[in-house]
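If you scroll down you'll find the structure; I have some questions about it.
By letter and in written order, the chains are A, B, C, D, E and F; residue numbering begins at 1 in each of them.
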Amino acid sequence: MANIQLKHINKSFGSTKALKSLDLEIKHGEFFVLLGPTGAGKTTTLRIIAGLEKPDQGAVFIDDEDVTNLQPAYRDTAFVYQQYSLYPNYNVFDNLAFPLRSPIRKISQSEIQTKVQEIANLLKIDDKLRSSVTSLSGGEMQRVAIGRALIRKPNIFLMDEPLSSLDAKLREILRLELKRIQMEMEATILYVTHDQVEAMTMADNIGVLNQGMLEQVGTPAEIYNRPCSTYVASRLGSPRINLVPTSLFESEVLPPGTTTLGIRPEDILLKDNHNHPSSKQKSAMTWVDGTVSSVENLGAEIILEISVNGEEVQAIADPEKNYNAGENLELSFLTEKALHFNQDGQLI
Amino acid sequence: MYALKSVLALLLFSTVTLTGIVAQDRYITLGWAAWDPANALVELSKDFTKETGIEMRYEFVPWPNFADRMLNELNSGGKTFDVLIGDSQWIGAGAVYGHYVKLNDFFDKEGITMDDFFDPTVYAYSTWPKGSPNYYALPAMGDALAWAYRKDWFAKPDLQKAFNDEYGYSLGVPTTWDQLYNVCKFFQGRVVDGKKRYGVAINTERGSEGITMGVTAAMYAWGFQYENPNKPYDMEGFVNSDRAVEALEFYKKIYQECTPPGHSDAYMEANLDAYKSGQVAMQMNWYAFWPGVNKDPDVGGGKSGFFANPDQKAKGATLGGQGMSVVKYSDKQDLALQYIKWFSKPEVQAKWWSLGGYSCHKSVLNDPGFVNSQVYAQGFLDSMGKVKDFWQEPTFVELMLAMQKRVHDFVVGDKGTAKQAMDKLIEDWTETFEADGKL
Amino acid sequence: MSEQTIKQTSPLEPSSFSRKSAAIIIIIYCIISLIPIVWMVMTSFKSANDAVSYPPLVYFDPSLEGWVNLFTQRSRQSQEYLDSLPPPETWYEELVRSRQMVIAGPSRFLGRFTNSLIIGFGSTFLSVFLGSLAAYAFSRFRIPLKDDLLFFILSTRMFPPIAVAVPIFLMYRKLGLSDTHLGMIILYTMVNLSLAVWLLKGFMDEIPREYEEAAMVDGYTRFQAFYKIVLPQAMTGIAATAIFCMIFAWNEYAFAVLLTFSEAQTAPPFIPTIIGEGGLDWPAIASGTVMFLVPVMIFTVVLRKHLLRGITFGAVRK
Amino acid sequence: MKTWFIREIWENVASLIIILGVFMLLQPFSMLLYTYSFSLILGGTLGFVVVSHFPSNRD
Amino acid sequence: MKNTLSKSQGLSDRALTWLFVTPTILLLLAVNIYPLIYAISMSFTNFYANKPGREIKFIGLKNYIRILNKEDIWETMQATAHFMFWTLLLQAIIGLGLALLLKRNFKGSDILTTLIVLPMMLSPAVVAVFWTYMYQPQSGIFNYIINYFFNFGEFTMIGDVKLAPWSIIIVDTWMWTPFTMLICLAGLKSIPNYLYEAAEVDRANTFQQFLHITLPSVLPFLLLALLFRGIENFKMFDLVVELTGGGPGSTTELASINLKREAFEKWRTGYSSAFAVIMFVTIFGLGNIWVKVMNKVKER
Amino acid sequence: MGVLWGLWSSVISQAIGINLTDIILKNLHKSFGNFVAVQNTDLTIKNGEFFVLLGPSGCGKTTTLRMIAGLEIPTSGEILLDEEDVTFLRASQRDIAFVFQLFALYPHMNVWKNLAFPLKMQNMSASEIKTRVLEVAKLLQIEHILKSKISGLAGGDRQRVALGRAIVRRPKAFLMDEPLGTLDAEFREQMSLELKKLHERIEATTIYVTHDQIEAMTMGDKIAVMDQGKVLQYGTPDEIYSRPATKFVGSFIGSPAMNFIPIESMIQAGDTEVQVGDQKMAIPRQKTNSLSNHNYIGVRPEKLEFDDNQGIPGKVYGNEYLGNRKICTVETGFGQLKVRVAKDTSININDSVRVKFSPESAILFDGQTELALLSENQ
């Protein structure tokens, strides 16, 4: 296990700049998630660490050693892909054994046998060892792929959206298991995803990438609660954060320069015949009028889209209550829960 | 990977087995056309191997490819052949470009003299420049274009009567081209022995030399000349003379009116085929084939007669035949010369004739028994007495191919007039001679 | 509208009537287009006389004459000579004797056939070997002027053989390569290489890079990854390419007729020159043709799934 | 300025010239057209090679 | 674990690129580009390959001028054009027709496709020899079958000035219609079914679907096939040489056959090199167009 | 009332130019060879309704949709469109629009031609086509790409063009087969919103097929949940979430899914508690008997809570932070249970906890039929 440092990495493909002076540090035993939309530079970062891509500028350190010019084979990383991770010309056993058989590793046949067996047991695929990989289901394939990464206990696991090709239910299960395995093995994982739920639920630390630049690094709670920019704020949380002009809640006392307020939907309070906030809360709030424009019942909660002075605001409401489109209500929020952003979208 | 490996293994294996084949040392390779006389030569040469211990190998190339193949070989300096029996017209190129070994010294040393050989054959098959005492080949196979006819049909009384009714003279061997035409026309489409027959099979082939060899047979009979006898390479008025044009038109008339359907690209084999299968009453072909025809189960055994090229306004016959040369690029010239020495012996020449080869040796031809030894022997002598040959220039092939095209386009391709064809031929030939520096 | 009138499950599928009529037309076309091939096989079992009989014979007494003629050289002999020979030992000798001939030796056909095999396999191996290397590089690496290089490679295939043959003939004459197996192997490799590169590049493009990258991360070099991961996966493609190269080399005529004469001559220029007793020996030619074409037909049937890519340089895939 | 160097358009122009040249080469109507066909084909082909290096308008 | 890794590095990608590409490029340079340049340089001379020792003179564009003013060669181009025009037309119509029929996917269409494809895979030269047998005026099965239906009496396909051009068109069409068919079939199969369904719900009738969906989709494929066949037939040699040898007269003497005669029979090397250059510039030009169409088709 | 509604809808349809249509499926059945894709389906889709067919892949929802469109022919049953039996009519004779999962835009035509195609097929005049296309392009805000090639379009634009092609003809009904399935997750959210708004504007009868339960819940006026060719439940999103008719519906709807606690006893009418392991737990009063003695209690994650004293004992296996909430996975003797708790709940992995639920939130499912057992709560 090792720590990883990227220093001032620049990388361009033709005229597009994939990474712009990226600095990143991943500590030993950390589950680090790089979050960003397609094209943000997540995968490029991963490939630079693996050695599959060379940075135009900057250096990569693994365990404080400069590996920028080292071939992938000698970096001892493990890569798990979204798909195509398994070699279709080998069966499950051979796929698992493949990294161990590398000529630079010189591991005896019997040792390989034991190690494969161990990993197969851990991942509950021991009954599939002799199957051809093409006969496996999607979930089993991804287990084998993760197993092949685990088997040689590399410096670092690099995972490129490994769960995104699976269906929702399976994703939920593997998410949980992957986190458990990482904790038990104390593995260092750099995990790339565009799915904020995966990032929030698994990461020790999240790095939010935007157009080749790292916007913010922090624990899920830090990033959720104190996003440094409107970009980061809107990447996390479902339903999305409300970013509204300050004019909407005029009476607020705001820090100078604030142009946008960020209020999470769950922090919007509703005052109507259904809702009675406590008197202590009441004092800190300004109430405005709004009209329900649509109601989305997700079962466990209701998402109300409320139109306030021409702005659409989303709020989470109790599913027990009955709302109808066109209904008028008053809404507010707790001052301390609001995030203040300036003109450039930066947190004040 | 296994597939790749096995392919590689197979490749190696086949290469190894192949290289194993080439081993022997004392042998020579003789190249000739694939036809009946070649088989006779194989039979004849068994004696040579017996005498000298030198093994003989052969490469007989089918006629349509013969010139192509051999000239390719010579032009690329190939060592495949030691002895080559090549067409008379190749002598020029063989001598000028040094493909053939000049044989004068060898003849002198071994006491072989060209005086022992029939003069027209020496002139045609072995000298360059023509008629000079520079010998590049030993006359090996005398040949000329002649005709075979169905003697058995000609003898049928009902046909004789019908012919007489139509033409006013009796059906027999034609002595002029007019008569030849009458006979052809008579048989064209006639039912004989219950089957539909056609007049004649003549040369029409485009690819090598076929139609030229046929057309010149007619042209010579009309008195055709290639050039002004007083001014070499002056062709205007000779090549496209009225006689030449008339002969060409006559040939086309025969082609259009008297040949079997589809006879548009025929030379030796096709003519033989048509004749042997009973399609035609007559065929044009080389003497070389007559022994085979005479022995043929269907048309041989007296059913066929043979006659020399008929005359019209002049005497003439198209020369065929070949001389035997030693290839300059050969590594075994000594062995090859040994073979030529053996072949020139009178007793070998005599056996050569008896096996079906056409000897050019005077001891054979002047033998009193010669004329009666075969039914076609007299004709052969007659023909050889009046043969004429095509250009024997080093640029022979270009000249030949030009004539092939012009003549074939007119006769078979039905393009333009005879005069135009001959005019264009002069253009082509002039171009060639100019490029060669002769004009 | 009643239920019976519609039998197909989807209204867009062709009705069974239209399927049947399509099938009938196709079958008729198929029969017509197969007549030459069937006729060829039949002719190979005819006697020389039956082969040229009029009207053409559909029912005939099968004879192996054509096949015997294909493999032997014969010479016609007089009856007396034949009588003087010891009785024939084999069935084919007997057959030849019955035509008043004796076997003078084996024909050249087998040699030409072997030449076809050697040159075919040799050039196929070379072009697939070099082609897969080049195809991998073109598929994976950034190469300057890649598109131009690829077009250049492709264009070499399109050149008319006759046009290229002139300088090649002269070059080979200088190098002593004319009429040699090696010369023909190099030549056919050159022609096939473009097909091989294009086809194999197509196959390799379809193998996701992730596979070899995973292998490289797993501790293998790029070359090992190519060898262990890419090649095995491209195996069907390689096999298909190999067979296409083989078929090309097998069928090629123009170069063969211009650059080979005897030593290295392949079958296509030879078969038309099979001579019988005066004229073309059709049953022998038919036999040679059958023997020459059957391997290709078998390949075609086996390979039908890959056919399309091969014949169009991989432009169209199924 | 930039719009003058669009590959697709010029490729079509070059293709048309080549096709016109090939037509002239093969037509049975006029010897004159035949005589000048090769210049057109050669020009079109060389032109094609040049214009195929212009930037594509899809980039 | 890390210590077990040996530090010797494999070949870099760049080195590997050159290692992989160079042999191919070198071979093609040696056996293709060198001869090509050689041919171009010879085309400006009066070189005769069968006349060793003869002075080789630079004669500029004279060879080109002669070829481009020579009626004989123009005529071979016309013969080639006649051959190309009809083969392409027939193959387009029959090939597309067959493909449309085969697309109906009846039982056994797979096997029938394979059988139809057979002629295409055979050696043209060998096949041609056999067709000459079938074209025999009396014993040939082709003539027999035609006479069975139409009774033209005795006729000869390859010997007749009027019929010979058709004899080669028939064989080429027989051989290569499957090619057009296969590619059209691929084009047809590449049309996703949902396009027809979309057209159906957009209320297009069957004919309109053919006109607006099938035809536009299959046309690029057909063009690809025809261009390819056009290039192939422009340089056609083997099939026709063995079938008619260019005859009767010069009626089927295609450009390649004429070139072969000039180069390998008359040995006018310089002259024929110029002819060769004209042919491959033409093909190179058409090839560019072909690749353009191919890339368009590939994008689908 | 009915008369009024009819009048009102015809007024709307006149205004927008779209006919409103009832779609009725009667005992619809479809099999491919031995495989039964859809069995005995009865559904009524009302005028102007946004109707969602929801189910996992292969459940028969798409086949049902295609039968309504006329792209498949039912094995048996009837389809009524506006009271007309269209069961055996071809799609082109039905006047419906279909939005395909892969959009099915004509690749060789540009956007304009794609939009104009359906109108052209009706031999509409060129000028009218132009007005209509422009109108639709404006509605969908795709005026700027009208001349673009299809291959150059982004997913969202293709989606809009596909919708536009459906709208432009003003059909009787829209059928959509997972139209958002191929879009990126982020984009999907936005498009589903747009789609819903579009529907609110034009109010056309829409049948929407999806496998994504969130899409179904947020967009559908009515949802029919299908599995293995059968419609399991049919109702409003709320009904389907809170009162799943079968165990499958419970597990298919909701994220995370409903928890199922197995119980090994018969349920009798009148029961108010069940034995779970070694403790008794309160349930709503049951109205029917179960058929088997392997049954399940179904509880939604948000209805489970931690308790110090009572409930099912277990260990925290996973603890997933989601910003506004947490999902705890608890390993118990009855399998893993997912508990949704507030975001500030402090809980750690491997903590020992007890999980309980309020009696009224439990739904019991018969182990044999997997149907929900009726209780007084419903």
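Here is the rule we use: a contact is a pair of C-beta atoms (placed from the backbone, for glycine too) under 8 Å apart; a residue touches a chain by one contact, two chains touch by 3 or more.
If you're wondering where the values come from, they're calculated on a predicted model, not measured in any experiment.
Chain centres here are means of the Cα atoms, and by that rule the chain farthest away from chain D is F.
Among the other chains, B has the CA centre that is most remote from the centre of chain A.
For this pair, chain D with chain E, the centres built from the Cα atoms lie 21 Å apart. Distance between chain A and chain F, defined via averaged C-alpha coordinates, is recorded as 27 Å. Rounded to whole angstrom, the centroid-to-centroid distance between chain C and chain F, based on C-alpha atoms, equals 58 Å.
If you average the Cα atoms of chain C and of chain D, the two centres end up 36 Å apart.
Taken residue by residue, chain B touches two or more other chains at 72, 75, whereas all remaining positions touch fewer.
In chain E, the residues touching two or more other chains are 5, 9-10, 49, 136, 138, 197, 200, 264, 284, 288. Annotation for chain F: residues touching 2 or more other chains are 70-71, 90-91. Here chain D touches chain E in the complex through residues 11, 14-15, 18-19, 21-22, 25-28, 31, 34-38, 41-42, 44-45, 48-49, 52, going by the rule given at the top. For chain E in complex with chain C, the residues that touch the partner chain are 5, 9-11, 13-14, 16-17, 19-21, 23-25, 27-28, 31-32, 34-36, 38-39, 42, 49, 98, 101-102, 104-110, 112-131, 133-134, 136, 138-141, 144-145, 174, 177-179, 182-183, 186-187, 189, 193, 196-197, 200, 221, 224-225, 228, 231, 234-235, 237-238, 241-242, 256, 259-260, 263-264, 269, 272-273, 275-277, 279-280, 283-284, 287-288, 290-291, 294, 297-298. Residue ranges on chain E touching chain D, taken from their complex, read 64, 68-69, 71, 74, 77-78, 80-81, 84, 278, 281-282, 284-286, 288-289, 292. Those residues of chain F that touch chain A in the complex are listed here as 184-186, 196, 212, 214, 217-218, 237-238, 241-242, 253-257, 300-302, 317-318, 320-324, 327, 329, 340, 349. Within the complex formed with chain F, the chain E residues making contact are 192, 194-195, 197-205, 208, 212-213, 216-217, 299-300.
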